[in-house]
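You will see two complexes here that share chain A, one where it goes with chain B and one where it goes with chain C.
Now for the complex of A and B:
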């Protein structure tokens, strides 16, 4: 059974169909890349799935349940998390607090608010584990605003990961960072997916990275799916090459 | 020398009360980005409710031991917090998306309503609670007589400052509070319950103001207009210290109190003018205040 499925999902902005009757399927445990030129509807699709936007028509099914009407909070509780295209960190909080917040959020209202953050062993241990996974444990006391760009991107993913989602959407996790940081970010994400703890859907422009890490690639164009297949299939797809190449050349 | 010691104590007494008011004002602004013009009236409400409770307790003759009366102060403050917990979701929440003028209009309207409610309920005569001050001894400090109650107020101010700091910087809720104040949209995208953070932050701010009123009323009776006076001074405090900063509220309260105490002693005619002058200079040199961020 598919972990996540959209049924004829549509979102219009005025006359523009940003997402046009999309049937998207994500399988348990895969590393899926969502590619396409700017304005192809990738981010809109992810926004619809994570409840940042509401669809005009269509449904979102998660583990077979219809979650089309569920709020952000309910979807996080269900196991859907995402990072944003622009880094979404609390710059004036420490690295550790940024991750702890995700854990608080996941636990919801049940826990005592006046708990001393420092004495909060469980949360601290868990936050440190997550930071360790992303190689940020030595930076825990720094303010998030003081990190280098690559580290910020990693922390951003770490925060989304700390929500312990079943499915993790990452919107351009490597944009604006150098080649070495890119590899580290993707290696880390790929490692957690391979460890079987999470399914990942990554929006990415760098095709070298897409081909290297993905189990499956979905290509979007003008709000709809152009192609869906294994990296080897997508690599030789002429139509995809035209669309992606066309996007790479301005004008 | 003896006079100086007493003046320092007086300044600290005054700073404790001002800090409680300004810290609440600053906290509410820091989290909700709302300048609460009714904040001084909430402080006055705390004073009235506490004085009324103390008056009832004494009239009831329930032993009226001093300890009992002291317990009525946090109850007065809690009552104000409760009022805050009603005001935020009903009056303020619909306005966060509107322009600032609307927020100012609503909180100013609330100020007028609260002032009239207090006039209606308690009338125009001052409401006193000096039994509490009399319940404690007069102590001798460097040969000068000084009411022990004032020392208690200074202690409460210090504890409140520490407590609020610990709450904001050391607790789980504090982390959520600071996150929400930095970026509301992001906090809610992460799945935090922003509405609950707002209501609690506003109630805590009101509690601080109410506590300020509760501890001041035994030594200075509750009178109409005390809220507006306090609001003006609290604004001077946050202008000097920086709106939205706890450290700023503390330092600002100390500066304003010491200047004012010195002013009453040495230049009573222009005492308030000097405070505004300081606020004006800070605004010119450092528009965000000493500890404010842009």
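Now for the complex of A and C:
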């Protein structure tokens, strides 16, 4: 069964159709990549699914339920989490606090003002486990604002992951980092995704990375889907190669 | 890694708090034994305004909201006491506190509900405008509020009359009242310290740093801001309650916007990025203003110069600058 589905989802900005009648399906447990040139509508689609934008027409279904009208808060409670294209962290909180806060929020403990945050051993242990998965446990006492770019990208994903979502949208998790760090970030993310129960949708420009890590690839162009298939199918698709001109499409 | 850089494992936050707070509390408790009544009086004023600053800084330093209208809650606390004393004949300080807290909670809940729908300059202007509504009411409804003459407030009974100061005159009242204020001040500091180190406090700081991301963690941003506003208003209201018996009089001046400005000023003076900033700022500001007024009729200019120097030279305030200095002298401890 599809975990998430959009039905004829459309978003216009003036006359421009950023997302044009898109029928998007994400299956349970897959690692899906969303690719396309700049302005193809990838981020807008994710914004519509995460309730940062509201669609003009169409529906969003999650686990079979219509969540088109659900708020950000309700979607997060339902199990939809995301990271952002530009790193979005709490810069003046420590690395540990960034992750702990996601757990406090998930557990409904964030409104508690009569206990010390550091005193909650359960949350602390879980936060340390998450940081361990992402290789950030030694940095736990640093302020998030003081991390290197690659580490910030990882922490960004770690914070979203700590919400224990059913589906995790990652908007360009490797943008702005060096080639060597890219592989490390993607190795970490894919290991975490494959070990757990989370389904991942990754927006990515680097086609080498897309082909290497994805179970399925969806190509967007001018607000609509151009292709949808296994990496091997997308790799030989001439139309995709033409549209993604400049992207490294071997063969 | 930690062992290599030589960073000692930081003590538990509770221990750190006790290590600093206990000696300071003892020192403050000893003040009346070596300072004269006037100095004690000034310090009592300082501690009271520090409570207001602590409340104000929950919004500015921890939630990232700059209020220009905190005179509203200070004034609400003060006028609540004055009404009780004048219209109901109540003399009990404890009754003043309970009633003042309740009334400032109501006012800040309502004002906060309106203000937290906005941020940045819009938030600031709304807080300012609402406080000016209360100020004009205090000025115009003179048959209730005494207008610009204000309302007199006699000295209250402390702890239901258990602390009697009659016969001792003003000095004895001051020294008793000082301890009364000091105890409440210590309670306020401990409670606020708990709040900012709680999950709720961390959530406020997260909202300050990145509102969008906080919302995408499932935090109801507006509700958190509202609760912070409420706590902030109640703290400032308590300061108003404690201030009136010392001053003996409340006038619309404490509802007027320059008084809100003083709360902003003292918080910047102490440093809004540090927990202790508004405490230090409140005490230093009280002495600075008193001596500036006594020394020159141009005291506002003096305070203005201090403000300019502050922004240019010490943007992190007194406590921030001290923390930086300590961090530079003992870099390995600056974690």
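The rule is short, and it goes like this: the second predicted complex is superposed on the first by the 241 of 251 C-alpha atoms of A that agree within 3 Å, B and C clash if a C-alpha of one lies under 4 Å from a C-alpha of the other, contacts with A are read in each partner's own complex, and residues count from 1 in each chain.
Criterion: contacts are C-beta pairs under 8 Å (C-beta built on N, C-alpha and C of every residue); 3 or more make two chains touch, one makes a residue touch a chain.
Everything numeric in this text was worked out from a predicted model, so none of it was measured.
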So, after the overlay on chain A, do chain B and chain C clash or fit? They clash
So, A:138: does it touch chain B (first), chain C (second), both, or neither? second
**Request:** Could you look at A:12 and tell me whether it touches chain B, chain C, both or neither (first, second, both, neither)?
**Result:** neither
When the two structures are overlaid on chain A, which partner does A:72 contact: first (chain B), second (chain C), both, or neither?
both
TODO: Tell me which partner A:104 touches in the superposition: chain B (first), chain C (second), both or neither.
DONE: both
Who does A:92 touch here: chain B (first), chain C (second), both, or neither? both
Chain A positions within both the chain B interface and the chain C interface are 72-73, 76-77, 84, 88, 90-93, 97, 100-102, 104-106, 109, 111-118, 120, 159, 163
Listed in rising order, chain A residues that touch chain C in their complex are 50, 72-73, 76-77, 81-82, 84, 88-93, 97-98, 100-102, 104-106, 109-118, 120, 138, 141, 159-160, 163
Residue set of chain A touching chain B in the complex reads 52, 72-73, 76-77, 84, 88, 90-93, 97, 100-102, 104-106, 108-109, 111-118, 120, 123, 159, 163
Contacts from chain B onto chain A in the complex sit at residues 167, 170-176, 178-179, 182-183, 186-193, 196, 200
Chain C contacts chain A in the complex at 1-2, 10, 12-14, 194-195, 197-203, 205-206, 208-210, 212-220, 224, 227, 335
